[in-house]
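I'd like to ask you about the structure that follows.
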Amino acid sequence: MPSGEAATHINESSQASSVRYESATKVYEGSDKPAVDKLSLEVPAGEICVLVGPSGCGKTTAMRMVNRTVEMSSGDILIGEESVRSRDAARLRREIGYVIQQIGLFPHRTIADNIGAVPQLLGWKKEKIRARSAELLELIGLDPELGGRYPAQLSGGQQQRVGVARALAADPLVMLMDEPFGAIDPINRERLQNEFLRLQAQVRKTVLFVTHDIDEAIKMGDRIAVMREGGRVEQYATPAELLMDPANEFVEDFVGADRALKRLALMRVADIDLWEAPWATAGQPTSEVRAKLDAPDVEVPYPLLVDAERRPLGWLSERDLAHDTVPDRPDSPLGPVLDRDDVMRDALSDMLQGGAQYAAVTDHRGSVVGVLSVEILSEFLSSPAAKVEEHGAAERPHD
Amino acid sequence: MTAIPIASVEGAIEFILTPQYSNVTGRKKVGGIDQVIELMLNQLWLTVFALAVALAIALPIGLYLGHRHKWESFALSLGTAGRGIPELILIAFFAAAIGVGFTNVMLALAILGIPPILANAFVGIHQVDRGSVEAARGMGMSEFEILRKVEIPLAIPTLMGGLRSAAIAVVATATIAPYGGYETLGDFIINENVYGENGVLAGAILVALLAVALELTLAGVQRLLTSPGLKLRPA
Amino acid sequence: MIDPTLFAAVGEVGEDFFKERSTDTLPCQATNALFCWDWAKDNIDRYGPFFIQHVELVVISVLIGFVVAMGLALLSRRWHWLRVPFLLGTGVLYTIPSVAFFFLLLPLTGRGRDTAIIALSVYTLQIIYRNTILGLDNVPSSAKDAARGMGMTDRQILRRVELPLALPEIVSGVIIATVSTVAIATLAALARGGGLGEVIVGTERGLGIDFKTNLIIAGGLTIGLAIVFGLLLMGLQRLLTPWRRARPA
């Protein structure tokens, strides 16, 4: 599958607007409780806002009020500075990308025609539509030859990608995505999520993303709105804030008992302050190494054997240090070696599996830059003041 | 002799109820409730027997093919092709080639009834949820038991649909049974000079009523036979 | 050979029902052969006008039935409550045998081609309406939802999404309606509506109900017509639905 290296000419003029809910309310006939009760929320332009919550909380209704596939009972929603009511609904929707769970590709039209559906409604010239379809196919990582096929000939994952391409075709101001990856198997779902984040890094759309899966919310959202019945927002915050400081019991329960681990998925090894281990090279007099070990501020009590390029070879034990010079073969094996770009959660997992208390961390050349220990991590997690640089969703670790 | 009256509903009803004088037969009266009932019953028996024969032939074949999922295009095209059989010519041909009378007409009608019954039996069984069939097989049911206990009950709506289609076609064609030498309500329609315009209209009304009554009866039977589970709407 | 007196016993029939045979058919009939080639070759052109009438009856009835059925379908798409009455109404009309229907119209339109066309149109109407409704129902709701969400107006959704996707089912309905009408139109002759039925029960001299060669020719023409229409329409169906031929990945 081709990587996200897409045509560079696609996003020069990619547009995005902010979305603001102002006491938006929806009451269905025959119901005494509103499905969405005075929702007020602002989504800055170019960000992914995830609406997450249990089934029936009104998140989908809230999303659909933006393109008026559900009409508000009262209140307003502004895109940029314009109310969504100011225009005829059909015309409004042509400027909003709409991706639904069941995808809804037109079985009777080719993939290229499907992608070009909104441009066609907008009256673009045929040539322009064709070019745009081809562009988008490349952007979503599909063989341009697929443009002439029919939806039935594509796999579920491919169809879902076409659905996203179709939503992007007319360069919309806002994208609405309703559990778009819900119907896909977990392996492909992860791939699609990553693909979309890569895409977002380029096109930077304002996205309203609905899901019931808190892990997906944390992965995809620049901002997350945790909702409960009536579309009430219990907390609207960045993923890190949500994990560190859940506003109340509902949010805490919804986020899950493993929120500490979830936080680890948001960072890389390089994001944390690593410890230093005294390092030694083969042939070095052991007295020098002992001196380093005895230094007052030493953090790791074991020396690390490294080569000329400071690549780690193993840990030195007491027995090793009993000789005059450092041997070129270490007593203890190296154990897990981590890359500074590794996702922290995976790093922890490797360490635990390797049964290591300390793990050497290397850079892309393989040279040691520090040592990670479980202690560092637990200190970090338990410290309320621990600040980690917050990455936007598109920059967060994902493969 | 009085002039032939123009057909009217009142005239038709009168024709049905009381015997009338006819242009042609002079002294002898035609029409009246007795003759009506006689011809109606004739048409009914013809229909019932023909359908019975058609069922006996078409149902087993359709059920078997559907269960084995074989010869799909044959079964399906038979359904459409069967509707293209020209009824009048069929009756006439049977009469000319084989002879006249109840049996021959009944066989011709049975031929008309076979395609819809077979096609629907095939489709009904063929489209039964494979999961249910697999489960039954896994439970240790014999193929015949599967057909009897699982496939047929689930296919009842479609099967009955086939029977109803066949019934409509057969009762309609039974109307022109007089061309094959067997007297039915069609007699009133075909022989205008005997029964008069009112007779013709009366015949048409009676045939229509008979057909609708038959259809309603079969619809009722279908409801009775359809398991309550199939009639439920999703919660 | 049928004994005319048998019919006299069944019911008084007019003398003109069994007309005098013209001399040229007599030799063929006398032999009681299944099919006389020579006679067929000499007389085939007599069937021409009836064949054309038959085609006209079928084409006109199917067209009228199609137009009305479409109209009803669009109305019941808009106003859902119309569906049940329409289905019931057309269903009842469909149950009434065409041969009776021809004559139920007697007080209104008398006999003749118009009567036949009206009756046949009502018949095709039910089939096409039912299939159209089925076709529209089977359009995936996700496609309609996506269409609405992307900004299509109701009319655009109907034209660009629903109708094309319902087309296979609609054409199926037209095929069944056409094939059935070809068969039933043979009875139009009873109501003096013309068509190939005329050569069997009609007033064409020398051709009659017990003349086997005649029956075979008429039957062959009718069935042949049905096959031709059927194949043409099936071809049309394939042509209009290229996406169904695409094999899944």
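Per-chain numbering from 1; labels A, B and C assigned in written order.
Simple rule for what comes next: a residue touches a chain if its C-beta (ideal position, glycine included) is under 8 Å from a C-beta of that chain, and two chains touch if they have at least 3 such contacts.
Small disclaimer: the values here were computed from a predicted structure and weren't measured.
Greatest centre-to-centre distance from chain B is found for A, with centres as Cα means. Here A-C and B-C were compared by C-beta pairs in contact; the pair with more is B-C. Chain C has its Cα centroid nearest to the centroid of all protein Cα atoms in the structure. Note: centroid distance chain A to chain B, computed from Cα atoms, is 66 Å.
Averaged C-alpha coordinates give centres for chain A and chain C that are 62 Å from one another. For the pair chain B and chain C, the distance between mean C-alpha positions equals 18 Å. Chain A makes touch with chain C in their complex at residues 67, 69, 90-96, 98, 100, 102-109, 117-118, 121, 149-150, 152-155, 158, 163, 166-167, 176. Only residues 140, 142-153, 156, 160-161, 164-165, 241-243, 246-249 of chain C touch chain A when the two sit together in their complex. By the touch criterion stated above, chain C contacts chain B in their complex at residues 2, 6-7, 10-14, 17, 34, 92, 94-104, 106-107, 175-176, 179-180, 182-184, 186-187, 190, 196-197, 200-201, 209-212, 215-216, 218-219, 222-223, 226-227, 230. The residues of chain B lying in touch with chain C in their complex are 6-9, 22, 24-25, 28, 30, 80-81, 83-90, 92-93, 95-97, 100, 168, 171-173, 175-176, 178-179, 181, 183, 186-187, 189-191, 193-194, 197, 200-201, 203-205, 207-208, 211-212, 215.
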